[in-house]
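Some structures are shown below for you to check.
Here come two complexes built around chain A, the first alongside chain B, the second alongside chain C.
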Partner chain A sequence: MNAFYALFAVILLLLVAWVGVGTVDLYSLFGIIIPYLAFTIFILGFLYRIIKWAISPVPFRIPTTCGQQKSLPWLKSSKLDNPHNAFWTIIRMALEVLTFRSLFRSTRAELREGPKITYGDTKWLWAGGLAFHWAFLIIILRHYRFFVEPVPAFVLYLQSMDGLFQIGLPVLYITDAVIVVAASYLFVRRVFIPQVRYISLFADYFPLFLIGGIAVTGILMRYFTKIDVSAVKELTLGWINFKPAAPEGIGIMFYLHLFLVSVLFAYFPFSKLMHLGGIFLSPARNLANNNRAKRHVNPWNYDVKVHTYEEYEDEFREVMKEADLPVEKE
Partner chain B sequence: MYDAGKIIIGLVVFLALVSYPIWYDAARGDIPTSADPKIVTAEKECVAPTDYMKDSHMDLLNQWRDDVVRKGVRVYTAESGRKFEMSLSHTCMDCHSNKSEFCDECHNYAGVNPYCWDCHIEPEEVQQ
Partner chain C sequence: MSDEKLKSEQLADIDYNPPSKDWMDVKPVIKKGTFNYPAVEASEKYLDLPFSRKWDPRDDDWKLPENWKEIVLKGLKDLLGKYRSFKVFMDICVRCGACADKCHFYLGSGDPKNMPVLRAELLRSVYRNDFTTAGKIFGKLAGARELTEDVIKEWFLYFYQCTECRRCSVFCPYGIDTAEITMMGRELLNKLGLGIDWINTPAANCFRTGNHLGIQPHGFKDSVDFAVDDLLDFTGIRVEAPINKKGAEILFVVPSADYFGDPHYFGFLGYLALFHEIGLDYTFSTFASEGGNFGLFHSAEMMKRLNAKIYAEARRLGVKWIIGGECGHMWRVLHQYMDTINGPADFLEEPVSPITGTKFENAKSTKMVHIAEFTADLIKHNKVKFDRSRNDHWIVTFHDSCNTARGMGILDEPRYIIRSTCNNFYDMPENTIREQTFCCGSGSGIGTDENLEMRLRGGFPRANAVKYVREKHGVNLLTCMCAIDKATLPAVMDFWVPGVELAGVHELVGNALIMKGEKRSGDLRGQPFKGEEVKEHV
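Let's look at the complex of A and B:
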């Protein structure tokens, strides 16, 4: 049911843009005001979420470890899976962020043949997730061609590698195909695995449909309905130079794409998509396991008022002597 | 804020990456904000309307290539009924002989690198 709500939400968004631009001609609302607003919400919301996380204290090192801790020099330690210093922590984080290492190693448990528990791997989830994220990253970097003039060399290089097979004209980008297949897989997986379906919420389906909608509208306008790309770049450079003007010659498909992207940007800081920033602040990953090597003082420790035995004796020495109690100092 | 140094460095990197086009374009100063392809022909009529050519000339060229190379059809009948030879080097480049000011103008602007000239010989341009 959550999946249907999310699908309806995305269809509703498409209808809003369709009516807003297609019939009411609100070009500057959908072409200038909403994109600016969405980007501002994205930046401020992102900073707010990160700073809010950053003011939470992490008094103790709590990394998840999967190997021998560094201890005595003649005991071989697992540097990557139990990092003891900043260097190996950074390596572990880099592998986590770039290759999803912990997802690669994760297992799933199933009951098979009666009450026998069986462990399997989750390599398909890992492969699908990795393909989805990398395709998305390359697609975002490719879009810099609209925002920077002249187009930077790395964007041209990415484009030529992405269109390596030169299928069709304009050439098919491999990432366009990959992101659709990967997003479909991630959706189908949620629907068909009962346990995953049970825990899937609206907030899980909505970003998937939103990103799927962005990919599909982008593919439609590149390969099928066609738009005036020069006019689009005039619009995007207008945003960048803070002299925005919305030309009317661009096809409706562009505005559908743009509106979904705006919604994604505005929704980003309030959703699970914040794992973009959150992954770097995961205490189970980004800390070195040096609990025993270094002293970590709890930052919210306050000065406890204590009354030591010496002070006690100073206070009651005379009385103690009268009662024949032993005292340390005369 | 705990580990403020590291987190602020991270946030600065994040802001630099997302705002890269703004400061890059601002630093470059006077940049052309639109493409301006020059049409240098006495001919009044293209093989298709301007709006169609703007969006979809690549489809037309692709179709022409398939028709000529695979089917041996060399004549294109425009909507107006006029007949054209299906040829990039002749029909298109006869009118638009100024590749660097016409083709390249938008292609460079939009970061498009078509592979026309992998096979065709690039036309020699008369220096003005």
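Let's look at the complex of A and C:
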């Protein structure tokens, strides 16, 4: 049900843009005002969320240790999975963010006759997730060419790598195919794995459809419906230079694409997509396991009611003396 | 099946398919064997806890305080402001489901609310409803739901069906730690007087007598004297076991089950034998007669209240540093919390082994060393001699305790000790040990008799891995370094894989240790060594 609602929501968004640009000619609204607004919401919202997390302190150092600790010099410690200093913690975080190591570790438990539980390797979620995120990142970087003139070398390089196979005209970007396949996989597993379907919210399907919609509209305008790319660049450079003008005749597909992107930007800070920022702030991962070597300070550590030794001895002094246990006061 | 004896085929008949109804519409069912009894009023009063009263989870009316909703929401707000972990974990889950089949309670019960992700959603849904813009506007569509009495009942059921073992956190791409969420959930429940007896009564005992079992100082001394006598019987050597001795070099703190529980006790004899043999200048304390900390299962504040005695006693007795015995959650507190909550321990010295001269650099601030680190160092430096064949009647495997594995990473020290003290050691399959170890199913204060069905379910993955090495290698001894494991795993083993006994690592040490002037014919349980029983009959 949540999946249908989400699909419906994205279709509705497409209709809004279709009507807005296609029939009512609201070029400035969809080409200038909404993108500016969405971008502003994204930046401010993102900062707001990060600051909101950051103002809550980290009272305890609670890394999840996933390997041997550093203790005795002759025991080999697992620097990466149980980092003991900032350097290895940064490496652990970097590999987590760039390669999804925790997901890579995943297993699939299966109950068999016996009863017997087996734990098989499962790399599907890891592979699908990684493909999705990397494709997304490269696509975003490729889009940088719309915002600068001349196009920087790294973007051109990225483009040529991405189009390495030289299939079709214009050349097919590998990432375009990958993101569609990966997003579809992420959707399909959400629907077909009963446990995952059970926990899935509207907020899990909506971003998938939204990003899927962005990818599809992008692909359509690049390979099929064709749009006036120089006009697009005129528009995008206009944004950057704060002299925005929405040229006519770019093609409706561009506006559908742009509107979904705008919605994604505006939606981002209020959604689970904030895991992009949150992962860096997760105390289970971003702290070194050097608890006993270096004291961690809790800013709100307050005094509590304790039972003192004096109170203890006062209650038990007689029995302690009888048992020949030393006491402070005779 | 109320009074029927549980059968393993029955419990292993697990349906992992979630119900067709949306989880928010499935009401919690409080049934025998899957929940814990509420705390008795006397214990709660002793600790000045709010709203202590007589109530029964099976009743419809839990007699919640009038302003319960306000208390919970205020408490939630407070915790969000105090813990970045909690706040971030409330926000960033993408419900990928990688954690689902990593939880022993889910694997053993098939109840979808035992999937870590859904356990967290129980709280997240309320958080969204009252603390996020999206939740306030879109309600259920945004995964939000209103806080009702049924939600509280659900929390009570499922936050006491989590052992805070952190296995899910290992597999989560963001490290989301359900233990953290469960802790917050329990803290909120306790604000409404919804604590359980197996946690709050030991906590009250601990506050008063220094240990969970409520053993008074003379009782402690009796236990230690008894152990000294037993050791004399088994080894022919009378050891010293100083108590409350001022000026000793080292304070030794153990979980109270070590001197009162079976099979913990045999490991306790192992400590005594080892310390005698190396001539360690140490002391026990009757006041700090517990390293374990059931306060951790109640709230951060209770943890601090119960932990305070350790540094206080180290200061009073004037020791240089501290060694801690075999225990799981105890070491989570000692390793990850103690220095922060009750430190700095600047009145102690950086730990140096008086026997080997090794500086324990990893403990230089907290000044507390794990016994396995201490013993492994002794062995490495050839300061103790072992006759491994004295453990030949055991075919051994090792269970990493959750909190020392995933909250510390003490994995190879115990294995080194075990390999040095016995001839037959076989690890369980790799997905069930080290950082991927499975919980005993009874940790974090829910190891009660009334909760037996849930414990057996939660212990199923662990037991299943033991069964594997039992069938393959004939394993008959499951060693571990956790008092709760030793107390609760015997029942789990008897149920799923009979014929496997539990032991602490230092029981193997005590058996194999060659002591000067010893006269031994059997192990620390009074059983004959392998081969000896034949000789007797010749």
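The rule is short, and it goes like this: the second predicted complex is superposed on the first by the 294 of 330 C-alpha atoms of A that agree within 3 Å, B and C clash if a C-alpha of one lies under 4 Å from a C-alpha of the other, contacts with A are read in each partner's own complex, and residues count from 1 in each chain.
Operating definition for what follows: a residue touches a chain if its C-beta (ideal position, glycine included) is under 8 Å from a C-beta of that chain, and two chains touch if they have at least 3 such contacts.
This structure is a prediction, so every number in the text was calculated from the model and none was measured.
In the superposed model, A:L237 lies in contact with chain B only, and not with chain C. Contacts of A:N289 after superposition: chain C is touched, whereas chain B is not reached. Once chain A of one complex is fitted onto chain A of the other, the partner contacts of A:L12 are absent, as it touches neither chain B nor chain C. A simple residue count on chain A separates chain B from chain C, and the partner touching more is C.
With both structures placed on the common chain, the touch criterion links A:A203 to chain C but leaves chain B unconnected.
Of the two partner chains, both chain B and chain C are touched by A:A54. By the touch criterion defined above, A:I140 lies against neither chain B nor chain C after alignment on the C-alpha atoms of chain A. In the superposed model, A:L169 lies in contact with chain B only, and not with chain C.
Counting contacts as defined above, chain A residues 54, 56-58, 281 meet chain B in one complex and chain C in the other.
Residues 1-4, 7, 10-11, 14-15, 18, 20-22, 24-26, 28, 31-35, 51, 54-56, 58-59, 61-62, 106, 108-115 of chain B are the ones touching chain A in the complex.
By the touch criterion stated above, chain C contacts chain A in their complex at residues 8-9, 12, 14, 16-18, 23, 48, 80-89, 91-98, 100-102, 107, 112, 115, 117-118, 121, 132-134, 138, 141-143, 166, 169-177, 180, 207-210, 216-218, 221-222, 243-246, 286-287, 300-301, 304-305, 308-309, 312-313, 316, 335-337, 339-341, 343-344, 358, 360-366, 368, 373, 376-377, 380, 405-413, 416, 429, 431-432, 434-436, 460-461, 464, 467-468. Against chain B, the residues of chain A that register as touching in their complex are 43, 46-47, 50-51, 54-58, 144-151, 155-156, 159-160, 166, 168-170, 226-230, 233-234, 237-238, 240-241, 243, 249, 251, 277, 280-281, 299.
Listing the residues of chain A that touch chain C in their complex gives 2, 5, 49, 52-54, 56-62, 64-72, 74-78, 81-82, 84, 96, 100, 102-103, 105-109, 111, 115-117, 119, 125, 129, 193-204, 270-272, 274-275, 278-279, 281-285, 289-298, 300-301, 304-309, 312-313, 315-316, 319-320, 322-326, 328.
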